[in-house]
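Each structure below appears as structure tokens.
What follows is chain A paired twice: with chain B in the first complex and chain C in the second.
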Partner chain A sequence: MSAPTAVVNVGADLLADAVADQAVPVSRVDWRPPMEGTEADLALVAADPRRRTANERAVEAVLGTTATLVDVAPASELLGLERGQFLHAGPPITWERASGPLRGALMGGAALEGLVEDPEDAAALFESGDSVSLDPCHHHDSVGPMAGVVTPSMWMFVLEDAATGRRTHCTLNEGLGKVLRYGAYGPEVLQRLRWMGDVLGPLLQRAVRTVRDSAGPVDVTGILTQMLQMGDEAHNRNRAGTLMLLRDLGPAMVLSSRGPDATDAADVAEAMRFVGGNDHFFLNLAMPACKLALDAARGIDGSTMVVAMARNGTDFGIQVAGTGDEWFTGPAQVADGLFLGDYGPDDANPDIGDSAITETAGIGGFAMATAPAIVRLVGGSVGDALATTRRMHEIALAENPRWSVPVLEFQGTPTGIDVTKVCRTGILPQINTGMAGAVAGVGQVGAGLVTPPADIFPKALHALARRVPPSPS
Partner chain B sequence: MSTPTSAAPTTSHVELRPGAYADSVTLLQVSRSVQALDGVVAAQVAMATPLNVDVLLEMGFEVPAEAGPNDMVVALRLAEGTALDAALAGVDTALQQAGRRDEGTAEVAAPRTTGSALRRAPDAVALVSVPGPSALVEAMDAVDAGRDVMVFSDNVPVEQEVALKRAAAERGVLVMGPDCGTAVVGGLGLGFANTVSPGPVGIVAASGTGCQQLLALLDHAGVGVSSALGVGGRDLSAEVRGLATREALRRLDDDPEVELVVLVSKPPADDVATEIEEHAAGLGTPVELALLGPGQPDLTAAAERVLRRLGREVPAWPVVGSAAAPSGGTALRGLFVGGTLASEARLVATAELGDGHTFVDFGDDAYTGGRAHPMIDPTLRLEHLARAAADPETAVVLLDVVLGHGAEADPAALLAPAVAAVTRPVVVAVVGTAADPQDLDRQVRALADAGAEVHLSNAGATRRAVELVKGARA
Partner chain C sequence: MSAPTAVVNVGADLLADAVADQAVPVSRVDWRPPMEGTEADLALVAADPRRRTANERAVEAVLGTTATLVDVAPASELLGLERGQFLHAGPPITWERASGPLRGALMGGAALEGLVEDPEDAAALFESGDSVSLDPCHHHDSVGPMAGVVTPSMWMFVLEDAATGRRTHCTLNEGLGKVLRYGAYGPEVLQRLRWMGDVLGPLLQRAVRTVRDSAGPVDVTGILTQMLQMGDEAHNRNRAGTLMLLRDLGPAMVLSSRGPDATDAADVAEAMRFVGGNDHFFLNLAMPACKLALDAARGIDGSTMVVAMARNGTDFGIQVAGTGDEWFTGPAQVADGLFLGDYGPDDANPDIGDSAITETAGIGGFAMATAPAIVRLVGGSVGDALATTRRMHEIALAENPRWSVPVLEFQGTPTGIDVTKVCRTGILPQINTGMAGAVAGVGQVGAGLVTPPADIFPKALHALARRVPPSPS
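And then the complex of A and B:
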């Protein structure tokens, strides 16, 4: 046998020193005890004979997904949403427990659907609960940023995995400031939403279908590959992605102002201005693209990969490949960051939105190193950004060969959060996020960094441990 | 929101700074730090874009009509009596600070898991010594990565050992341990290991200090060892069934340098013994079984058998110094740092002397709770040595000293003076090789100079101690 050329030492330094004394390089693991009370579950799950191959399959399924933009249509058509049905971000929640921004968005949504004249009257409607129902976006192959409210008349992007035909959906992004997803429901909010339904949605539908049927659908996963090399991390910065989408759809949008059923040229110009001027427009494509990839790993028994992280403004929930549809939830935290105007931490609602699906897929906060332009927005330095992405690799199962980070020598983004690694290291997923005002109707108050509540990972681990088949004796 | 309480009077100040520019993120930070100043109720430093002007108007500031996107606007609302100059100075300081470059942290943090470290070191083997309840998890990272692993940790439940070794067997990975103190892999010592020359012998050992005794004796006889693979004390139990022993035998059988394999273990569970013997018979390399226990040859006898089988001469095992006949007492007091060395001494001595003698293993869990192994920290044994020396019942003191990588840098430094203070005869087995970092000769001389009789063979040392006890009785 030849002597090992290197040794990884985990534990007593003295043993590492003894190897180093023999002139063999030693890598010393910075080991610390795992999260409290997790040793037994960690050992059970580590010893699960299904785990390694299950996680390999999960990673393969995620990386093998290609999201393409195949259609734009109203939620009533796509999801069969009916009058009175509301989707929202995060794990399931009732009106009683809903936070300000979610309530605000639901109230605005009720007015948009004509259930009430004045959004303020909607509170009584939701309190009685008779003619309305709430359900998570994630339960309908969809994701929604911030409050994530979807009503039947809202238009949605349809993303499809070319290989399997699986689909996911997301509404069109409204822009920043006073917008429904941040809980604002004033007249200007509803007016914008109506314009999006009357003008923007149909126009995008024509353009998306034209492109799909001529050149082939827009490759959203491909745009993500490029934007990650252009300073976007696809959660808090989507500028390059938005402009690339406009590049791909622009010609077809322009041409829709000609011929039968022509759209008014002024409307086309307004739509292009709206899309191009909204740096977050692409977020609503990045999110369903990430969900499409992660959904491919759902239901793989024995896999410890997180397939969804989502918040409803009250609870932060995760779902795991190996534990079916169960949500593991804890209280959502308030982000740490910078505030708009004279808002402060007391004005911010706890974390909200399905947008943490980007981090779940290895971008957003996980790809912070590739977006130095926004590190100060969340109160950090470039060095912090590099360290954050490297730290996220400690809890990830794999690297994404398509999504690479130039400044880290083109290392792939950290892909597939491993519940066991989170419990072992205590390193929590780093999420870049916007902050909604705590009071319904306020809108956005800032942006910053947030992590999930730590205890949901031991909960998920315990569920994984309970599902480990008894070992043959 | 730091909205002024309705009663508190405030003053507002808005100024345009045409041509001044900073990006929006910088200005957000500046606004935030100015807002934190004493007496500042609200602050907004921003480029006067239409959006920002709207924000300022909403905050209740009056913005000059000529303000344009290329002007910086500084808007402050101050509590009554706050000096404007001080607040504006604060704005300037904040602007300067925001422009300063942070060097950042280019340093890459250490890996946090074995798996992460192995990703960065593609050819490494893993050495695990974390507390027992976490050992399986770290070791499994190595198995997942297809890398060999030594598990030094003890207190690993046997069912976890089985799971780990089953997974390893599927992947052709060698798991040395748990509770494996010693390994030499292709000449590299892991854990407590002696420095040996390469040679024709390969060892598979379920016992750490048993393996070290063999290394020391073969080294003295001029026979090298290519590898000594520990497998952990339970590997040949009915539960684990030799999972690691089979893999270790396979590795040594594949090594063209190895002419003879020696398997050192407590006697295996009955049916496991049959399985392993059958397995060994199917290998191309002969396997010499050195089983330890009642009725079995001791380690020194095993080493002699290996030498004869290789056609080498069996040397006289070295003895330095000479213990005088005891002046009183009847009991043999054996104080050991090596577990297998303690059991071997007990077996050898009890056969001759019967009961009534002590053989303490300071490496036993009962003595290591919360403290380092006695091969690293000699304090506890030194205490007991002083106690044994003061006991009138003590006839002879028997000690071991184990050298090699990982062990105390100079064990004689503390032990020799302690031995010198003992008025009873002291016999010491020093287990080490000539090239060990502690310098075998120097250690032996120091102890002999202190009055001890020093043997290389633990069995030899024990027999000598027995002889001395018998002499005292006669």
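And then the complex of A and C:
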């Protein structure tokens, strides 16, 4: 038993005491050696005179961001995407190295854009590389869940930081199961995407603009605050968030059924049913809200804060505030979790998607304590969920007072992953995630828990160390 | 220190272990003597050969009930209420003994029904007793929050147990602050009630019937299951429940804006805004769902289960499965909690409302562990909230597997208060509640925690003891 022991009164107040204990800053109990080979870089970065202030600025920038929903429009308009341009989740990758689900989503996307008739024919197109290009969402102020494929005709949410006018984007969530972002591309997938483009997108645009111009835009950061008091951790549980979005847009959706260019009431009802029937709909707002906050810390020299964690299904990459746009990558891992139907670990693709931006910002896996019911989806025990949030505080720079966890006496979630703390403790960020089938076309096979490959943090640390200005001595 | 002590490993798993400990049946740690003067009755009831089976039947009846929302209609139609008939919360009471908030709500109700022009003139009417009558909601298959006043023109939800066709009823929730159920009766209160009767009621009737006749009625018991995983305890937090109701009725509300007798889209939007803007809207479905379940256990000879706890603002009354329709009453207490604005304890009326039916069924104060954020409304600490649910298991006959608390490793909520356990332990049911101003017309002044007067349980026990059949010896 490596942990110290103490005498504790086992009475009616045991749980209360134990919980209260979590609410005070936790000192690390289990000491672990730093990650192998990081001692010299840790010493260099620790001595960087810019570090403390830089991290304070980074934390302030992240916590100071407020994401509001200001528009919905096609990617062609918002990002200037042109025919043949495809965005995807994670760090840069080629078709050649792309995993099954990313390939499947690209193939479906090519059919959606009319580049091919049959998605199966798209493989040759991407192999040839003629008139098609791949680029990370993150390079276009965007994030995408799972495969994260964005094509010009897809409609996207636009989130804005009121104070600075900075914007981020994300597509509309399709639901679960056989959906493009999990690599499925059957006729029902394309039909749904076409309906989203023809009906849902324009309807949401009208509603979002009506709300924005009357009551003021939907406060996505504020909804996240509420979600964390309602059992959502905003990565794999977004039920309360989705319902609050529906509450905020519902009346404007209804009103779009009258007037000159009215939407048919049956379409409005169908759109409401679609949104309300998909507990994950809000994920595609939570993600760009997190990116909007973290982007505020990009490019702060000397800061050791992670500003993006993202996976393309092959590589897991991180970006750090103090190292510009450089990606530090390693092989994406397969999650450990629960499987749908007859699927098992052999059917699962390695970790994929930009959705780890939620953990990067301090929710998702980092906020599992507030969403204990999530263990029924991703596995583990309720105790694990509570312990995870507690452990993540050990590698975080701050607590987010806006995102407080009631059961931990309203302690803020661990926010701002510190590369040096990860290297010093060996504690890896905990991500909870959906699992895509490894084969293109399959769709979702499960959900579970995963961490980044350990070696990307020493890589990032080394890059930080190389940037430390020479000491004046 | 009366509790035993033990050595516990204080490490990363402390909280996990502590929480896990809560998930196993808890043996009482703090022994307390039975309530004074109950020994003989406890012995008699304990020896009742019918008791065990009767309580098993009562538990089965309660857990076997499923509440669905099958209709919305005026009280005149549903309950046959006629002009001058007033229902109210709690056990029977006269105008003479009625508290401020009950008087205020009756006065407002009289004006709503056109019995008087000015609510202030209604006092004389009720004093005279001419052509007016008061009767408890509970005597009419109904429950009412706070003052619980029901008049013929008020629209009510109709909940039905699918298996038996039994029904219960409750008015539509008005929102917070200056509202009739808290004893306010100003022009804005009456105007809102008229809008609810003219617009909201008929619109909800169409939507509820459309949903009932197409997808099947809204499953209120099922929504309660979800709420308990979303931070609602369904008495003073009903946010997730309200949102799920809006999700389930929204599309049908939209569709009621077209067709021959269409509701104007602006009215539909306004109704959605009203429901979505009132986090307590679902309370008026949670309450009749609880009554529907508990009514299933009424009249089971030998059962010591409480089937109703209700307050009229003056008296707190309980009814018990094994004692027919008899009320056991004592003085209602003033809650201990948090106050709105400048209000303080001196402004608060004693406990009022049928809403303690939620605690009687195992939610509300009994499920506070699942809604730790509630302490910001009713006071206390998160640890208290967790300890409360745990303590209530000590006086409950069963756990409700449908109402499970994630943070307690999905343990079911404590369901079915046992009069004998209350008398044997002295542990009183914990209720969380809104507080009405003591003066008629004021409205809500706060929210807090309260218990029934202790002596009503020995009274009920004595009545049970008197009904025990003579032993054959």
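We adopt the following convention: the second predicted complex is superposed on the first by the 443 of 473 C-alpha atoms of A that agree within 3 Å, B and C clash if a C-alpha of one lies under 4 Å from a C-alpha of the other, contacts with A are read in each partner's own complex, and residues count from 1 in each chain.
Note that in this section a contact is a pair of C-beta atoms (placed from the backbone, for glycine too) under 8 Å apart; a residue touches a chain by one contact, two chains touch by 3 or more.
Bear in mind the structure is a predicted one, so any value in this text is a computation, not a measurement.
**Q** Contacts for A:Ala387 in the overlay, against chain B (first) and chain C (second): which applies, first, second, both or neither?
**A** After superposition on chain A, A:Ala387 lies in contact with both partners, chain B and chain C.
**Q** First (chain B), second (chain C), both or neither: which does A:His139 touch?
**A** neither
**Q** Classify the contacts of A:Val268 with the two partner chains as first (chain B alone), second (chain C alone), both, or neither.
**A** In the superposition, A:Val268 contacts chain C only.
**Q** Is A:Gly231 in contact with chain B, with chain C, with both, or with neither (first, second, both, neither)?
**A** second
**Q** A:Arg83 contacts which: chain B (first), chain C (second), both, neither?
**A** So A:Arg83 meets neither chain B nor chain C here.
**Q** Under the stated touch criterion, which partner chain does A:Arg194 make contact with: chain B (first), chain C (second), both, or neither?
**A** A:Arg194 contacts neither chain B nor chain C.
**Q** Just checking: does A:Arg247 make contact with chain B only, chain C only, both, or neither of them? Give me first, second, both or neither.
**A** second
**Q** After superposition on the shared chain, which partner residues are touched by A:Pro406: those of chain B (first), chain C (second), both, or neither?
**A** A:Pro406 sits against chain C, while chain B stays out of touch.
**Q** So, A:Arg258: does it touch chain B (first), chain C (second), both, or neither?
**A** Only chain C; A:Arg258 stays clear of chain B.
**Q** Per the definitions at the top, what is the overlap between the chain A residues touching chain B and those touching chain C?
**A** Touching chain B in the first complex and chain C in the second, residues 1-12, 14-16, 18-19, 21-22, 29-30, 381-384, 386-387, 390-391 of chain A appear in both lists.
**Q** Any idea which chain C residues touch chain A in the complex?
**A** The contact residues of chain C facing chain A are 1, 3-22, 29-30, 226, 229-232, 239-240, 243-244, 246-248, 250-255, 257-258, 265-266, 268-270, 272-273, 276, 372-373, 375, 381-384, 386-387, 390-391, 406-410.
**Q** Would you tell me which residues of chain A are touching chain B in their complex?
**A** 1-12, 14-16, 18-19, 21-22, 24-25, 27-34, 39-40, 42-43, 46-47, 49, 52, 177, 338-344, 346-347, 374, 376-377, 379, 381-384, 386-387, 390-391, 393-394, 420-421, 424-425, 427, 471
**Q** Over in the complex, which chain B residues touch chain A? Could you list them?
**A** Chain B reaches chain A through residues 1-3, 25-26, 28-29, 32, 35, 42-44, 51, 55, 58-59, 102-106, 108-118, 120-121, 123-131, 133-134, 136-138, 140, 142, 144, 148, 152-153, 159-160, 162-164, 166-167, 185-191, 193, 226-227, 251-252, 255, 376, 405-406, 437.
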